[in-house]
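Structure incoming, see below.
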């Protein structure tokens, strides 16, 4: 098997994480997984959603969007159609759950952090890149909150990162790009902590069902990949 | 550990699958996983969505809803709010993908099958009950198509069923009801074929991340549970 | 004239009213007028709509929906289309007005009761079955409020029930089913109290205008029919 | 009993029907029932709605709106809220059904006539004024179609008109204005043909249920009132 | 050059401004620029939008609509389509800004004035007629507020009026009607105070770009036209 | 007077125009006017909107959006609110009109070009930066169409660019940034061709009305500024 990109089965694409990408947000990151490029911003606001009022804890949520021409053919703008599509909703819920797992919400006080992930250019894996970049933006927002004395203690439990794995031409591969993604038998998105704890796992058999053995192969690749991604996150955070 | 229901860790709730539940649909099933009750209907229609026009294949899709008072407190009616919520969208996409995996779409001709899953009463696990019941309604719809000569060959590849598993008070348990679901550390929904092939896996760490070992325990329970559910499906289909 | 169902002109379909049909609602009824089956639930909530704030009275309102495949061909799901259709709006307003006439709103305190009528299977007369079943669910909700000391006095003024009448092949008939409904010259829905007081009357000449004499014939049938329906309501409420 | 306006119980308000009120529409009427003023326009278009394609018949439909400040306090503009309210939907469906009863749709060919009723100033009875004025605009549109050879034969079956009746302080009264309408025990809208055939009847007990006897009194008033209104229609159409 | 209407290049259409056109609003004006007819009402309400709460000033805003058949062919009703079109939004924002410039908002107290401009009949220039008529309705609303002691001081800074100018067949013309508007090279809408101060200027080259010289010609015509329009406003306000 | 940025009254901010910014679009430009950064992409598609079918010409349209955290405080995502705001609608209509003026639509054939302008970071003047950058993306799209033989002749009439001018502390200034924009007396956006022809002019008196003299001062600044911007466009297009 040769991957279209020529990468080894366990090889990530070129990863870059650029902090302070835009000026206004409390955290702002440009994350690139190869040709997939996502701007992740973190916004800190007073108050929490209604269902948490008075619970003495904070909230983290996420929104996701793609620029209409981030893809090969133009997608209709969701704001113009008046509705977020099902895929968008599914992805932003995944990002939100993943990031909430990174934070001790009771240490946030009654503050909300909204993570916006906007895809500038798409080449597969936009949701995994989004989670990985968003976690760095989140850390910057938490640092901002500590610097400005909104909170005393660092609420970060651990970094979280995400990567896709799949079965491509009978073999498990890491970090699928678009040409692989559209031909994979199975596509699985994993979210893990830097310690290797599982946060989210979403796997779909696109063609034939996958076996337990294939599952374990993909799982193993994902663990290694996420370990590398967390290293990229840590490096960017010490710059 | 004692489950609130007193069930054993690997014990399903009482399962019932009633075919021909309503009169008009080509397939109509009432499925009960304990107190969770869902009406699943399958509708056969000529034609396919625009993106499949002229491809010579069929389509299977799903929609999901909950009656406003299927739950402990009343949920606003989505039709009245003018919008399906994120959870609804996420679930109906999962049901649709799961059922498409049960069928050889090229043998459907240019026909569409729409599965409607409407929750009459909820007590945890509405999406897994929906998939399990919907598969039976789908088989009835495929039989209808064969009887009425819309198609020659049976497009069914295999039955699919679904069950939830979770870590509850440190132990893996099968088929969580609402009291367990709201207190579980981890909640995982598995969709498999009757041969044990994996179709979908969606796991979320609600509290602490879960380990690979816990994952394997849950996986094992799920396989057994789905095997039993497929037996219920087969029995109901021979009535 | 022979009615398609073989019923006499003044004969109701088989009527059944099943209380405690689902578990969560304060009132929950399955009502069947022949093959028309509707789940009616009553939800009690604190507070009133804004326009009644501080008036010291309560409110009763209704919502109506049909499962997409309750009918012969599938209707688009209103939640998915993002909008309730005109027929739905018209029906739920009728149900709400009818039930408000059953209750002394000043004795409800600042509570709201929402009646949800969801049609599981349709064969004509869904709005009349809805009103008839909803009134029983409403009574159960009022009893709940008294048992739980939310109110002291029973706010029920009288039972209300509803039935359709029409001119079918030149003759007045009671409780039209779908084959009659789609061929009737006139279709009239009546809502009355158990004492025979008129609450709502909605008649439409589908083909030719109807005369005063025909009106009186239909009116007479409706009175008898509603008297019988109230008897069914009373029986179910004493079970 | 003295009506607030000083009118006799069987007395209509001052009625005026002005044709050719605006310039562009095929039929354009300003109708006034006292201080209730409605612009009714009829638009003729090629083609029919999808559900009638190829049936060889035409269609008549109606839309209704109120200028935001047609009423005592400003109502939110429905276009700005993004949604027609339930009352609007109910009324425009009533107007549409009433006007379809005036026309032999099979003689319209595959043409559609859309009636727009826009309330400039409201003082009770906007739906009855709308129907009465719209029928005149409809006749002008039918004349236009004949003049321009779109159709050969006049599809008009009969004029239709509409009036409200109610029980006010224990007495039946005709053509309620706003002060009466908001205090009436019962409010009933009748639509009839010029020959006295019933097209629509919609009665609601606002306070106490009404008796058969009261119903007959109101019915009698309505027949007289509609007979007068049809005379106003005929006069305006001969100008 | 001959204008289709035979008017001189600097000649307004017949202008009329009728106050107290409808009964309920605090200001109600029918304004006609030739065959363009707009009802402008001003509604006074307690309170201000959220973004102004506690600022101790008032607010003036506008909404705009066209009756569906105010135009040559019927436009879909925005309330039925569930959305105001882009042109509508653009126009109502222009009207709102223009009228806010007429008033010292700090003298309004925490009150809001909503101007509704509803086009009954359109023949070009609906936005300029709307602004011109709305200003008169606004003055009536301000007088109402003074009479009813809601405010002490007159917040009116100056009258504002609006007119269109354009390049038509190479020549600058004033107050374009529809036949001119649809063939003009350039279309410019000017809003000015009665003293000739500029409030808004919106010019669009429909065909070829326009030169500075053409701009000055149009500007000069607009100043004269607005001066005349303010005279019409003053006359109507002294009636 | 000293501008907050220290710029001279007639001095543009630092301008940069980067072509081929993203990979998929036929034209893709990052344009910066100081800290205002906008991604402008041009998408070429077969076919034209319905109102142009069969007219033998093409179409150019634009959509505009801001990333939620492109601004100092987070703006709600329009896709999530289900609606584009009035300001968005107004701006995208302006961009579309401006670009259509740059192109001979009859030479486009039945093709559509959609320009998406997405603001990554905002510091005043997003609409003028959008137009200026979009024109370059448009030229790239036209070149693509010629290279791929979709069209024979270059449809570009002239470059168009846009800049804002305003009265700030009594003096006319060019290219306002956010601190100036929020305190200016007058704000005017000009769109011109490279030859100095006027395409669009939109001026608003934010505080006091502006005089003809002030208008001429601003106009003069705008002409110079646009001349410089067109030079930046030409340079980027020869890279």
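Letters A, B, C, D, E and F mark the chains as written, and numbering starts fresh at 1 in each.
Just so it is clear, a contact is a pair of C-beta atoms (placed from the backbone, for glycine too) under 8 Å apart; a residue touches a chain by one contact, two chains touch by 3 or more.
None of the values given here were measured: they were computed from a predicted structure.
The minimum number of touch steps separating chain C from chain E is 2.
The minimal number of chain-to-chain contact steps leading from chain A to chain F is 1.
Annotation: 27 Å between the Cα-based centres of chain A and chain B. One simple way to say how far apart two chains are is to compare their mean CA positions; for chain B and chain D this gives 50 Å.
If each chain is reduced to the centroid of its CA atoms, chain C and chain F end up 59 Å from each other. Each chain gets one centre point, the mean of its Cα atoms, and the points for chain B and chain C are 33 Å apart. Across the assembly, chain B contributes 82-83 as residues in contact with two or more other chains.
Taken together, the touching pairs link the chains into one ring where each has two partners. Taken together, the chain D residues at the contact with chain C in this complex read 83, 86-87, 89-90, 92-93, 97, 101, 188, 192-193, 195-205, 208-212, 215, 219.
On the side of chain A, the complex with chain F involves touching residues 22-25, 28, 35, 37, 39, 41, 43, 45, 63, 65, 67-72, 74, 77-80, 82-84, 88, 114, 116, 118, 120-122.
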